[in-house]
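Order of writing sets the labels: A, B and C. Residues in every chain begin at 1.
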């Protein structure tokens, strides 16, 4: 009986694999669905939005040519001095550079990291910011200029630290999870963290998403006044918002009495929150920055209330573009951690590089892909409270790396500014840039390169 | 024996900012022990940020954040208080003779807040170690996310009492409309009766400790219910 | 982003002082709402079939007497118009629909702020103290009023967005808080023929309650229905020709304080605005409980 015989593949005739991936149900989504099916739980992770959104890379500068003249690199100065908080405070914050270190909690990071950040910031003439866990002595002693956060949780918040702070930042939300509160899983709630946060050791911290004693900008007026009264009106008050309804929020923050407004876009990082929050709530930093500047201009507050932007600021070009769009300064979180060694294949102990690859593998990841800050098992000793792991980060070494990174950013910033003919990086303006894509042009409000077209702008 | 030195401020005449600043910076060095404030008229942030053991009397109703972040001072409000009375207080005593608005004692770390009348919603929200004694009733969501400390309620509680409690303990004399997530009644032990007696004594409320019931966390929310490698 | 005030005079002898008592209350709420203010006053109703409209010309100057002449020419009825700055009260017996249509065609810069027999409504941009002076609020007389100070987010602070919002006749509402589903509410009401002037969340609430009352609910029932249908945080203060009513949502995050004596009931977002009222030291002072409706009739 002759059945149909399948043809056996010969060595010269390899099997043809039909591998047609679905755009909607790609491997990432299949993995997500199967993980949810296995665990019945949402994924929690660290870092910020990983997916591609319109960002500063989609803008480019119009350097000097015949119609605009550049400055020489060495002899012709390009000032980076930045002052924040001139509106009401008797002691505004003076920085040497417009690049600051964003709020990251002791708890999400180790105390050694906090010390490293403080050392670096002091060296650079810039500021660090506490985070959702209170002020550590390591950070206050090492950091010349320290911004003290007042968050919905109020963990560790107290008047002695308040009086020791150089500025106060009322956090309404952050870009990674606007509308959500902080999160720290039990493995990172060690005795010291537990004590500072008034929590039992080892439990998963739940956090409030609203402040306990005020809701809304009309109440924020009164809360800001209280903090000023407690500190005798000396310190600038920052208000930090996660980027959502930025135009309205910035105006309300101005009305409420903020000296400085910090806007954190969706690319902004966290040490732990639900992935769904990170990727699907909040708007890109580019769009948020544009709206924040519009808000200040409509209220005629440019230069009176300062604007700091964060969320995916990575390179000197990003810094320059953010300033050109109207920010007074930028704040970095993830970039700083990566300078310290986050996602590096090795860590440094006593001058020797030791491989961390196996420890990444134990977290089911690899250098360059890791976002497991929430586990507390950071292979390079940064986002951990483990007594052994944290030794993988030597404060002096970390400080040097952060200093190098931020110095590089600042050099790139001044290089670009000089090329655009600016003696002061704060003279960069929107018109120094054009966009490479329609989305970036529309979000940033700059024309598509080679055209005068800004999609969505009202015709003049 | 230390002397008594009393100062008086009329908020209808003197800006509050000057009063607060004086009490922060100069009053202690000048030997002030007693402070009297008249015509508060609902102003906000009266005597916030005090750091010395003054005895302060405020003659009338206050606005938001009276005695905010208080350290060591003993403050008496002869009237009602707006939202956030004694918020984040660290030590000392604050007594409200009338009623207190929302968020009374929010995030207090220590000291004792006494409300002789009712306290509104979210009394003791985010409490971090202080004591709160309410002579009247409390509003909904009281003791929400209360992490440490004690709250004594002499009358009734409304909805969601003690939602998301950590280690703080509530002593309730009256009825409760509903308990919050993870809050449960527990039997009173000798240490509880003693604590209630002590706190009632400080507040000056004449009730029997045995009339109070203990509410604490069932601790079922302490860990995300994760069986992460379970597969079927 | 606001402050609210309300005042109902129980003692008829004090009705002459309604405005005088209210101005410090309104100005006291300036820090909550520095950009614009509005006020609805209720006084002795006009005899039927008369009714009145509060008109506002915004920043455009309007020749009110010329407008009155034009109206006289266009309509056979008698009109009476009294004007002050950019605000006027037009008393008439003309068909409302025809009148509004005529105004829309012939005086497009004039906004109709309110319609009714008892209500006069003022809204303007600027600090509350200046608005109070501009319209001589201290000389207002009547039985009751509700008012509002606003912290604006729109770039052009327009009176259209200021509170009180009105709907129908002799009904208005001010709101402190933020609704989270106002567009859904608007899209539910628009197919019923209800026209919206703004995308403001307060207008959605106002038209929702007015719709429910037209459907036969009492205001109290409408408010109770509102707990199900309106989402977000709110303290609503409402006025009809006969009463004022205050209600807070179950979370009660937005503040409200009431002071009551034999002579008046006064309401404000903060006690600060009540502190200077006569007899305040002996007034019953309390906060409205959440999810409960409090009303006082004239």
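One rule holds for everything that comes next: a contact is a pair of C-beta atoms (placed from the backbone, for glycine too) under 8 Å apart; a residue touches a chain by one contact, two chains touch by 3 or more.
Being a predicted model, the structure only gives us computed values, none of them experimental.
Here the two chains linked by the largest count of contacting C-beta pairs are A-B. Distance from the centre of subunit C peaks at A, each centre being the average of the chain's Cα atoms. Chain centres here are Cα means. That of subunit A falls 36 Å from that of subunit B. Inter-chain centre distance (subunit A to subunit C, centres taken as mean C-alpha positions): 44 Å.
Those residues of subunit C in touch with two or more other chains are numbered 253, 255.
Multi-chain contact residues of subunit B (touching two or more other chains): 44, 63-64, 83, 102.
Touching two or more other chains at once are residues 219, 222 of subunit A.
Contact residues on subunit A toward subunit B in their complex (touch as defined above): 38-41, 153-154, 157-159, 162, 185-186, 197-200, 203-204, 206, 208, 212-214, 219, 222-223, 225-226, 229-233. On the subunit C side of its complex with subunit A, the touching residues are 1-3, 31-35, 151-153, 155, 176-178, 233, 253-255, 269. Within the complex formed with subunit B, the residues of subunit C that make contact are 250-253, 255, 270-276, 285-287, 289-290. Residues of subunit B touching subunit C in their complex: 41-44, 61, 63-64, 80, 82-83, 98-99, 101-102, 120-121, 139-141, 159.
Within the complex formed with subunit A, the subunit B residues making contact are 16-17, 20-21, 24-25, 44-45, 48-49, 51, 63-65, 68-69, 71, 83-84, 87-88, 90, 102-103, 106-107, 109, 122, 125-126, 128-129, 144-145, 147-148, 164, 166-167, 221-232.
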